[in-house]
Amino acid sequence: MKAKILAFGEVMMRLEAPNYRTVAQTRSLDFAFSGTSVNVLSGLSHLGYQTELMTTLPDNSLGYAAASYIRSLGVGTSAVSFDGDYIGMYVLEKGFGTRISEVTYSNRSESAFCQSLESHYSIEYLRSGTHIHFCGISLAINEQIREVTLHVAEKAKALGLTLSFDCNFRPKLWKGGYEEARPVYERMLALADYVSMTEKDAMSILGMETGATQRKDQVEALLPKVAQTYSIAAIAGTLRETNASAPTIQGFLVQEGRVDFSTEHSVAILDRIGTGDGFFSGFLAAMYEGKSSKDIIEWATAAGVLAHTTYGDSPITTRSAIEKCRQNQQVDVER
Amino acid sequence: MKAKILAFGEVMMRLEAPNYRTVAQTRSLDFAFSGTSVNVLSGLSHLGYQTELMTTLPDNSLGYAAASYIRSLGVGTSAVSFDGDYIGMYVLEKGFGTRISEVTYSNRSESAFCQSLESHYSIEYLRSGTHIHFCGISLAINEQIREVTLHVAEKAKALGLTLSFDCNFRPKLWKGGYEEARPVYERMLALADYVSMTEKDAMSILGMETGATQRKDQVEALLPKVAQTYSIAAIAGTLRETNASAPTIQGFLVQEGRVDFSTEHSVAILDRIGTGDGFFSGFLAAMYEGKSSKDIIEWATAAGVLAHTTYGDSPITTRSAIEKCRQNQQVDVER
Amino acid sequence: MKAKILAFGEVMMRLEAPNYRTVAQTRSLDFAFSGTSVNVLSGLSHLGYQTELMTTLPDNSLGYAAASYIRSLGVGTSAVSFDGDYIGMYVLEKGFGTRISEVTYSNRSESAFCQSLESHYSIEYLRSGTHIHFCGISLAINEQIREVTLHVAEKAKALGLTLSFDCNFRPKLWKGGYEEARPVYERMLALADYVSMTEKDAMSILGMETGATQRKDQVEALLPKVAQTYSIAAIAGTLRETNASAPTIQGFLVQEGRVDFSTEHSVAILDRIGTGDGFFSGFLAAMYEGKSSKDIIEWATAAGVLAHTTYGDSPITTRSAIEKCRQNQQVDVER
Amino acid sequence: MKAKILAFGEVMMRLEAPNYRTVAQTRSLDFAFSGTSVNVLSGLSHLGYQTELMTTLPDNSLGYAAASYIRSLGVGTSAVSFDGDYIGMYVLEKGFGTRISEVTYSNRSESAFCQSLESHYSIEYLRSGTHIHFCGISLAINEQIREVTLHVAEKAKALGLTLSFDCNFRPKLWKGGYEEARPVYERMLALADYVSMTEKDAMSILGMETGATQRKDQVEALLPKVAQTYSIAAIAGTLRETNASAPTIQGFLVQEGRVDFSTEHSVAILDRIGTGDGFFSGFLAAMYEGKSSKDIIEWATAAGVLAHTTYGDSPITTRSAIEKCRQNQQVDVER
Amino acid sequence: MKAKILAFGEVMMRLEAPNYRTVAQTRSLDFAFSGTSVNVLSGLSHLGYQTELMTTLPDNSLGYAAASYIRSLGVGTSAVSFDGDYIGMYVLEKGFGTRISEVTYSNRSESAFCQSLESHYSIEYLRSGTHIHFCGISLAINEQIREVTLHVAEKAKALGLTLSFDCNFRPKLWKGGYEEARPVYERMLALADYVSMTEKDAMSILGMETGATQRKDQVEALLPKVAQTYSIAAIAGTLRETNASAPTIQGFLVQEGRVDFSTEHSVAILDRIGTGDGFFSGFLAAMYEGKSSKDIIEWATAAGVLAHTTYGDSPITTRSAIEKCRQNQQVDVER
Amino acid sequence: MKAKILAFGEVMMRLEAPNYRTVAQTRSLDFAFSGTSVNVLSGLSHLGYQTELMTTLPDNSLGYAAASYIRSLGVGTSAVSFDGDYIGMYVLEKGFGTRISEVTYSNRSESAFCQSLESHYSIEYLRSGTHIHFCGISLAINEQIREVTLHVAEKAKALGLTLSFDCNFRPKLWKGGYEEARPVYERMLALADYVSMTEKDAMSILGMETGATQRKDQVEALLPKVAQTYSIAAIAGTLRETNASAPTIQGFLVQEGRVDFSTEHSVAILDRIGTGDGFFSGFLAAMYEGKSSKDIIEWATAAGVLAHTTYGDSPITTRSAIEKCRQNQQVDVER
């Protein structure tokens, strides 16, 4: 049976000051619609998977434009509810060199998604899929959407879908800190089959400890335990080094108690946001295609590297581009 | 003593789909910052008046960009508080011919201004001015900002400032309808010296009645009574006819129990929003310059007509352009 | 049973010189993807219908971008074949006043669609729909696609789908003139249930004659005969008057031997191309919703009028906008 | 022998605030290079004539860009001198409806052209042409370029070239008013064979008088006398009515003591500047093609009307567009 | 006698997705017109040479825009035929970092140039020049244009013009592979005086062999033999190393049996396409100016390096920029 | 007492070809208004200082747009005179890699500022400030503005303001070379309290000599002497290394006979112009906040480094960004 992938989560409108300007330096903003759920499905859609987004969009011009945009990425919108008044927005001022990118959010708590009810998410939609993806941000914004998210996850599990989860911990959104987050994350990890997280999440959110001081050693010391504790089939993540001259990225895959590391790639960064979603969509695709663990992590990492080089948050990389990146092919122009 | 004009009210970020497209048809939005208070002060600043905006902007990149933009209009931002997280936004899809313009708002109730407290508005700022303008929208959004607005108006009155008020009734913002609005408006009208309203406001908000059926007759029947009842020195407003071929606009001025009507102008419409603010800034300037009642209403109407022909919400018309419009001068190019 | 509408036809890339410039006056072109089939389905999708496009797109970056764009209009692309190398293109230099718009085509005969084979159009796709739309241009470009089009239409008829057909006669594409076209059109009209044509098509393509000299009289004299001869349930079309000051449009509907004319609308023209598709999508929707013949032609005409006021070839008008246009409501801004 | 047309005059950089904004409302300006000489030659080049511009451009990036732009119009730049430092510039804020367009100039007196010497204009260039066009602005800016212009005209006359002259009187540039201008214009009119002027020029610059009060009567009373006095083979010009609803234009031609008037056209105005040059290039082309006086003035007027509907100062109208405009053909789209 | 350089070949419309986006991510494309012949002449024109393009462009809006653009580069269009309907187009999606640029072509075989006949290329045009440049792509697209190209080259040779030829082998365009190409290239090499090729062309197209394994050794082993076999006065080409961190380029010149190598430059790449044409225009200019072989190859390489740093396909580098690049001058800003 | 900083100098309109194009390659230019005085005040305004610009702008659309822009930077325009006709302009063609940026100026000598008189600069404005900044360019353009500048500086000194001066020597503007400049600079240095200069200025303008050959040694040998000779409280400047791979910048501060050097930063360059003004505004802010000499030079250098990474000439860096840059914090995105 071919996988049909669902994802549950918020859609945001990304507004971006063009050409490395600040908002005060421009009179127009480029925009798109993204979010972890959109991004992971966009990545999978571009690799040939059938996908459907489960979310709630406002019943107005912005909600319809969001749905239109999401369909343009190849992601289905049949399972989208239109209800409520607002869409979450963020404004991006892209940095340059030592100048840091800045993101300014609008009020998300009142957004159509964050105000949505369990009744917006029909069980029929869940039945139509074989896999569903969740993101830690849905657990953070307010208590209502946190509960809705967990209930949807529980229903999906009960219906036999495979669950994936991206920890995506955002400190500013958890007023109660790691203490507030821990039990919530533990409920979700227990449900999840595939998880995106790093050794830092294990130490901070889950409060785990290790004497190891190197990041790769910490991964090996902690993440297989996490997989075992929460019955997670595979954990994948990346180690990033951002020293000024040449940032690098290296993927790891925790599976059956073993950790595989990918080759280390240097990355040229056009657009930083959503690259983790590029990585995870590459991981899920490779997983569903029955590749070896070594191949899975190489594929996922190449997908993540390419997500840095493509415009926008949502991965749009093709199978052929991933293969070329894996094999480090250098071509000037494809013609 | 030269007038120094303050205005109290919300600043909104206007995002606009360019070239008569809808949001779904574009990938970039033009933007500016406006609002009744900004618009009236921009109009006055372009006619040579010293102006200061009293508002609260979020303490982030969007708030700073808003202040930067407002200063570019010649409006002072020394009396702006930076506090809170969000700025009100609206998205404009401009219509064409029989296709109607559509405006989609973000959540305003949570905006920095609509969450601001009386303590944000220092009495020192009020003391620095001779006149202060208010708008009916500040009375509508939530109870907190309604009370803050009325208290600021009362303090200004007590300090001896001249008060102006634009009724600007927006039905969607008053859940309790005219019944809820009436006592609030009555409090503000009692404080106000100069008011922008029409015969429709008198009938709906104030519940007044007349047997007259023509709009000009209704103006003459009702508005002098309003002026008397609430001790208003002058009421000004416009009658608009929007039949397809050639929309027209005619101003009226109610002063000392008498109504003056301006000549009727046909209007070419480049940008509809904020034209009432253009009219009222022309009215205030003419009033402060001691013109005759006939001249005042001609000036105000010309300013309103020109506001339709200028890009953006905020009036930027010069004294010389108003004079030419009044005299109906036809010149191709000024060079 | 709810209608599911298919359409068969070519997708073209529209490249447009912005701001009324010519190609020689600009360094960038705006673009979109359109075509009669895309346009009719876009119109229906925006009125709530489920739609699927049957076409062949090139298996390259432009073909994928076209599919992405078409999905953004709400039109399904599951029935699209990706094969071949080229997409048809046209460049639009929009006119102004007495300056006429100019369209320059690239080579269409070699396009993926015009080179496609009957085997590209799976009978499964036809089975999934209840209605299928065709366009006269598919009959014109080359003999191969002419035959493929007629065979697909015959199969659809045999499977019990309802067929609609837009005559869309383009003189430049028929080297053999009306003589070459007549038997081809007759085959298609025989298959069709709903047809878009005018009295001019009856006289030129079908060679019919009448002594009437007024256009409305010619419609009444000729089109009921066409409907009877070719067993067409309904014929709909528009009469356009383009005298400089104020162009007008009036729709007509031929049904059960009777002709209904809509009220005459004056039209503001933002974008002329595809307005006939706007009219016909309004007609089909009204037809499927069981409206009276008078209501059908009013709805269709309003949809056509609004298509002139919206950016781009593809209709995107909502049900509520059509209702307002029908009732000639004048609102400045919807907010 | 086929005519080869030269023109002598200044090239200016036109910088334009886009979308009816003012400079203060935008962060980018569209630009082009124009001027009466460029415009007349552009018009003739688009009608198939060989043309060469005689001017001086600065020897820097802006001068090269100007020459590149002028060649793109089909005008030769072999006779251009590159010397000096500056190019004349003007900034255009396009008006809308009753809002008047505004033009702001940079310092022209110091421009490469206005500082150029007679030695920049080689007699070889003059020898290569059969006709040369001049403009009144070259006589106005400073005394140096005034003398250079008159000397070049005298040389051209001596070499047997046909001379045309556009009066183009700009009051702001003549500090000494009409008194200063009269003898200078008289010198040029004496040299000229074809002239663009109106009855107003005859009355103001040349100080002529007439009892007629209607513009057409004044034309008939004065311009045949001007032609006789200064030995001018033909004078052409336009009468413009700019009443708000629908501006009109009507051409006149004074030849052999007789005046012909064209039909009156209503004009849609996209871009006002340079339309007189469009008229005069149509006049010269029709003249060189031996048309009747009635046909000449109809052609010239159609060329002028179309210049209003095309983007930019420089006419780019084709022969076929002029023919359609003359015959008042109404076509929606040429395809 | 000063050289007047002709070039024969196809003009293509380059359409480019801006800001590193893909076509699916944008709604506008930047465009220009280029091609090997245009590029080499643009390079030479910017170095002061008189140039004329020999090609056929479609007799429509796109053909006229192409000619306008080419003239703007300083290249003459007097020898251009306007005939046929289509222009070749390609769409460029520029890569970033490890993401590869992608080029999608429209159908070239039906283009005005590729359908043109020998009769389009008047012998008068050939007589007007002293040198003519050809490109291997003209030999590849279809048999008709292949034969036309060879006949034009033979006529030019017979008339005593100097011939240059850029091998530019594109594997996708030769269905019969190297076997089909060899005799065609041999005919052209026999005619050519100056050739752009590399050691790879010698091995693949000409089937030559060498035991050398290093690229520079292969150049020295093979290309002097090629020059001798086909009586070629000079062969020039570049060796590119594209390892990720810092791509480099090194030129070589084969003349009188000897090979000179330039210094190795590292290159910053803004626009990769057409850089070979930049190199070859630098080579031709240096050759015609009688520089030493060492200086020729340094000049050519600097011109090629600078072509990487300039926007667009067509070289626009000045003499002074090439001198600075050769001497490795580091200046921040020239002012 | 809080410092209120004035600056005296010319405002220029910066016109920039976008996307690394040349002017000939584009049809629009981005623009802003800048100049040393604007830039230093913009930097200080963004760090919280109250600032006022003293200049003369033309009394037209460009002058008003300049004032509007300057206010948008947070700089006061109450002390601006509007008089005269022209504004200085420069056109920037940004380089890429080894291609050098090119700047083309319009005529500055005739600009409103360079033609302004001492009477334009009211002593009241000087009285309102505590500090005033000058720039060497004001001393260079013509004799009139040189004398006005020195007189304003003398008045400011007499009124007790602190004076700063940026040497900013531009060789092209001093026809008489260093000999002409020396006495003028000496007059200004005698007045100045804080100076921006380098060891090269000491050697060239002031004609000082040293046996030292390393730049840092020359700084230590010469600049303390300069400080002593002209009674300068502090001299600050930067040493730049622009070797291709990674340009670096290092600041130095000369105070009380001692020289402090900052750490060396590598810089990513988005926009080179005005970075010296970024450095000096950081220096002045740190000075006024009583930081240690080591901290002052680190702060100034970080401000200069960040000015390279921000769009435009005018520094807009925040206090928090400078702190992060100083501490070399690496964050991907601030959210």
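Labels A, B, C, D, E and F are assigned to the chains in the order they are written; within every chain, residues are numbered from 1.
The criterion applied here is as follows: contacts are C-beta pairs under 8 Å (C-beta built on N, C-alpha and C of every residue); 3 or more make two chains touch, one makes a residue touch a chain.
This structure is a prediction, so every number in the text was calculated from the model and none was measured.
K.L.:
Which chains sit in contact with both members of the pair subunit B and subunit C?
P.N.:
Common neighbours, subunit B/subunit C: A, D, E, F.
K.L.:
Using the contact definition given at the top, which chains are in touch with both subunit B and subunit F?
P.N.:
Looking at subunit F and subunit B together, the chains touching each of them are A, C, D, E.
K.L.:
Sort out for me whether C-D or A-D is joined by the greater number of C-beta contact pairs.
P.N.:
If we tally the C-beta pairs in contact for A-D and C-D, the bigger total goes to C-D.
K.L.:
Which chain lies the greatest distance away from subunit F when centres are computed from Cα atoms alone?
P.N.:
C
K.L.:
I want to confirm something about subunit E and subunit F. Since they are copies of the same sequence, is their interface symmetric in residue numbering (over half shared, so same) or not (under half, so different)?
P.N.:
Comparing the two copies, subunit E and subunit F contact each other through largely different residue numbers, since under half are shared.
K.L.:
Rounded to the nearest 5 degrees, what is the angle of the rotation that puts subunit A onto subunit E, matching CA atoms?
P.N.:
The C-alpha superposition of subunit A onto subunit E needs 120 degrees.
K.L.:
Averaging over Cα atoms per chain, report the distance between subunit A and subunit C in Å.
P.N.:
Centres of subunit A and subunit C (C-alpha means) sit 41 Å apart.
K.L.:
With centres defined as the mean C-alpha position, give me the subunit B-subunit E separation in Å.
P.N.:
62
K.L.:
Which integer distance in Å separates the CA centroid of subunit B from that of subunit D?
P.N.:
One centre to the other, that is 45 Å.
K.L.:
Quick one: which residues in subunit A touch 2 or more of the other chains?
P.N.:
Within subunit A, the residues that touch at least two other chains are 18, 22, 24-25, 27, 68-69, 72, 102, 105.
K.L.:
Connecting every touching chain pair, does the picture come out as line, ring, star, complete or other?
P.N.:
Shape = complete; every chain linked to every other.
K.L.:
Flag every residue of subunit F that touches subunit A in the complex, lowest number first.
P.N.:
Touching subunit A from subunit F are residues 18, 72, 246, 265-270, 305-306, 308-312, 316, 321, 324-325, 328-335.
K.L.:
Touching subunit C in the complex: which residues of subunit B?
P.N.:
Interface residues on subunit B, with respect to subunit C: 19-22, 24-25, 90, 95-103, 105, 170, 172, 242-245, 272-273.
K.L.:
Which part of subunit A faces subunit B closely enough to touch in the complex?
P.N.:
15, 18, 22-24, 27-32, 60-62, 64-65, 68-69, 85-87, 89, 91, 93, 102, 104-107, 109-110
K.L.:
Show me the residue ranges of subunit D that touch subunit A in the complex, using the header's touch definition.
P.N.:
25-27
K.L.:
Mind listing the subunit A positions that touch subunit C in their complex?
P.N.:
Its residues touching subunit C are 68-69, 71-74.
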